[in-house]
């Protein structure tokens, strides 16, 4: 399934009334599929609750951007705060859900999404480690396989970690996984069977 | 000299433009003698800069009080903040001067002003330890002797400490002392001679 | 999750015997009197109360202490001219006191709300407050290790709320409210007025709605 | 002490070679471009710059880096599509990078401004950021010890100031400004407008005047 379809599925899974941070890139798409009556409030780490949608550059107020520095809108009931307060909110466990992209997720919930480990790469972490450590639930939105066909849900991450044992759900183009103490449960598939998943992934899977 | 006279002297010594916290009790009196054109800004630890004077109960707004819970006024250019921000301001070394009362001050600057040490006393510290640890300069306003005639400027405090090596000036009814690395300097006397002070205090004194 | 607008008695109904309750206010300014009245009516006891003072006169926190519901007070300044109910309980040995410098009280609750595990604080070094405590010298200065104070419940008072739970305060009645709101599992705010969403200036909101679970309107 | 109203060039004149300069902004929002231009003109070099990003395009912080004045960047997110001047300097080995998670960057500056000696933080536990660092388990959770980041100077941008130096910000351009203002020895704020004392709402002031040493008005 494509990014839009996946975003729609994730949006539907976010509990009504939740406070949610959507990471830079693909997860930003989810905002478009949140129902206004769900009462979901978006947090952006650069200091705002009640963030609205991304707007085109010609409508931009450049004092009002999301974490990806895209211009956004302010919804009624919004609140602004500074960076230390914003990250206190994240680190203190007040956000119900954050959704981030990932290079790799380990079966035990380890997340790798900030550094490929390539020696010539310029490292950049932003707020990813703070979100991984702080949100009540960390969900990942990614493709299940790299362009080369390598699985990104792995027994143990080979890329440098962003956070340990923090991911509780992995939403991918072909399957959705819930991670917990009992293991990795496949809760939905799209165009792939459970048996195919067990063959292609090096991770024990539980059928939902 | 009486409290009012002493307050006037201390007020005159506060540098123009300083941010100042005046402790509960006698030091509150100093506010009355600050010249409006001095640009001195008063801080109260319950969350305000730009505090005005104490007002009588019939003019009180009970949402606007000083640290001693007396009703006060708000001056133009005031700002309100919560308690964690207020004490961050104190602890972070941003206040230029605080003036507190004391039971005892040691020659090395130790301050004792929160607890007599009596076993049946209910201890109460409020913001005194935070001010002692945080203000750039801690000044004390007190009588030099107890009602029994015992000196309150001492070689070493016998009462439990509020803070160590923090006091830089001691303003008393009969003399003003500056405390520093070279010792205790008598910078003013009123109705007592330097020789009388050296006799009555068990602390080496330097004549200004 | 969504902030609920309710009445004082319903708001406090899950408070249990033995809970730690953060109570806003500096003296009476910002004290959530009607929420405390509801707590007294509700009946939970054996409480640990975290509040700057130990009650004033015969209402609010003082009434809760007088009713014998408080096992332990965590506060900076229990000794006031009008804190006779605390004085009596303390001298009778029926209430425990943990004395915390005022700034540490605020910062320890801030740490709880901000996910800080512990912090090194210069306040109280060399005083009885630091006796037997872990200290460390950092860049030539001595600090005491301080730990977070968390509440099961926070009872606070603000000025105006919108229906989402965003709060603004009034003058020095702001004091401990914003910090306590972040430090409790369940935060209940008493306000003078609830307005429609969009009526508060987003630049001036002090406590964002995320920190407020229940709202009670009590005309001032 | 009293806040001085001045021009950009005069405001930055004491910045010295080797200083640590906190630079506000998240990308371009809240970036004090005219103060940075003045710093470039002023000529101080060998600077340590603490800022969330490592410059965007060819102006502001990017221009300072392009001018070769920055020895070290302390930031959370240097890798952006338009951070070509940082990229070039980094690849040429002429600039050092200390990568700090965004929340730690903010909290470490907050600690500097708040007189906290160090704090235990859960961010980055088990990651390369924590390698070789002091950790501690508190209540069953692992934390890394983090230290304050202090600035000799902070260059920030706010929206409106009064003549005393009280500041309000605009929308998400608030970001790091309020924290940096507390963490530097000398704080210089660029604002779009300076109003008379009494024109700002005391309930809505975000940075009280005590934190602001110099004010520069630059029409937006």
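Each chain gets a letter, A, B, C and D, in the order it is written, and its residues are counted from 1.
FYI, a residue touches a chain if its C-beta (ideal position, glycine included) is under 8 Å from a C-beta of that chain, and two chains touch if they have at least 3 such contacts.
From a predicted model like this one, the values you see are computed outputs, not experimental measurements.
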item	value
Centre-to-centre distance between subunit C and subunit B (centres being mean Cα positions), rounded to whole Å	28
Euclidean distance of C-alpha centroids - subunit B vs subunit D, Å	34
Geometric centre distance via CA averages, subunit D-subunit C, whole Å	33
Shared interface positions of subunit B, touching two or more other chains	74, 80-81, 87-88, 90-91, 133-134
Residue numbers of subunit D (touch at least two other chains)	107, 110, 114-116, 121-122, 169-171, 203, 206
Arrangement of touching chains [line / ring / star / complete / other]	other
Chain pairs in mutual contact under the definition given at the outset	A-C, A-D, B-C, B-D, C-D
Subunit D-facing residues of subunit A, complex	44-48, 61-65, 69, 74, 80-84, 86-88, 90-91, 110, 115, 120-130, 133-134, 160-164
Footprint of subunit A on subunit D - complex, ascending	26-30, 52, 76-80, 86-87, 90-91, 97, 99, 101-107, 109-110, 121-129, 169-179, 206
Contact footprint of subunit D on subunit B as seen in their complex	15-19, 39, 41, 43, 49-50, 74, 76-81, 87-96, 133-134
Touching residues (chain side subunit D, partner subunit B) in the complex	1-2, 110, 112-116, 162-164, 166, 182, 197-198, 200, 202-203, 205, 208-211
For the subunit D and subunit C complex, residues of the former touching the latter	107, 111, 114-122, 136, 138-139, 141, 143, 147, 168-171, 201, 203-204, 206
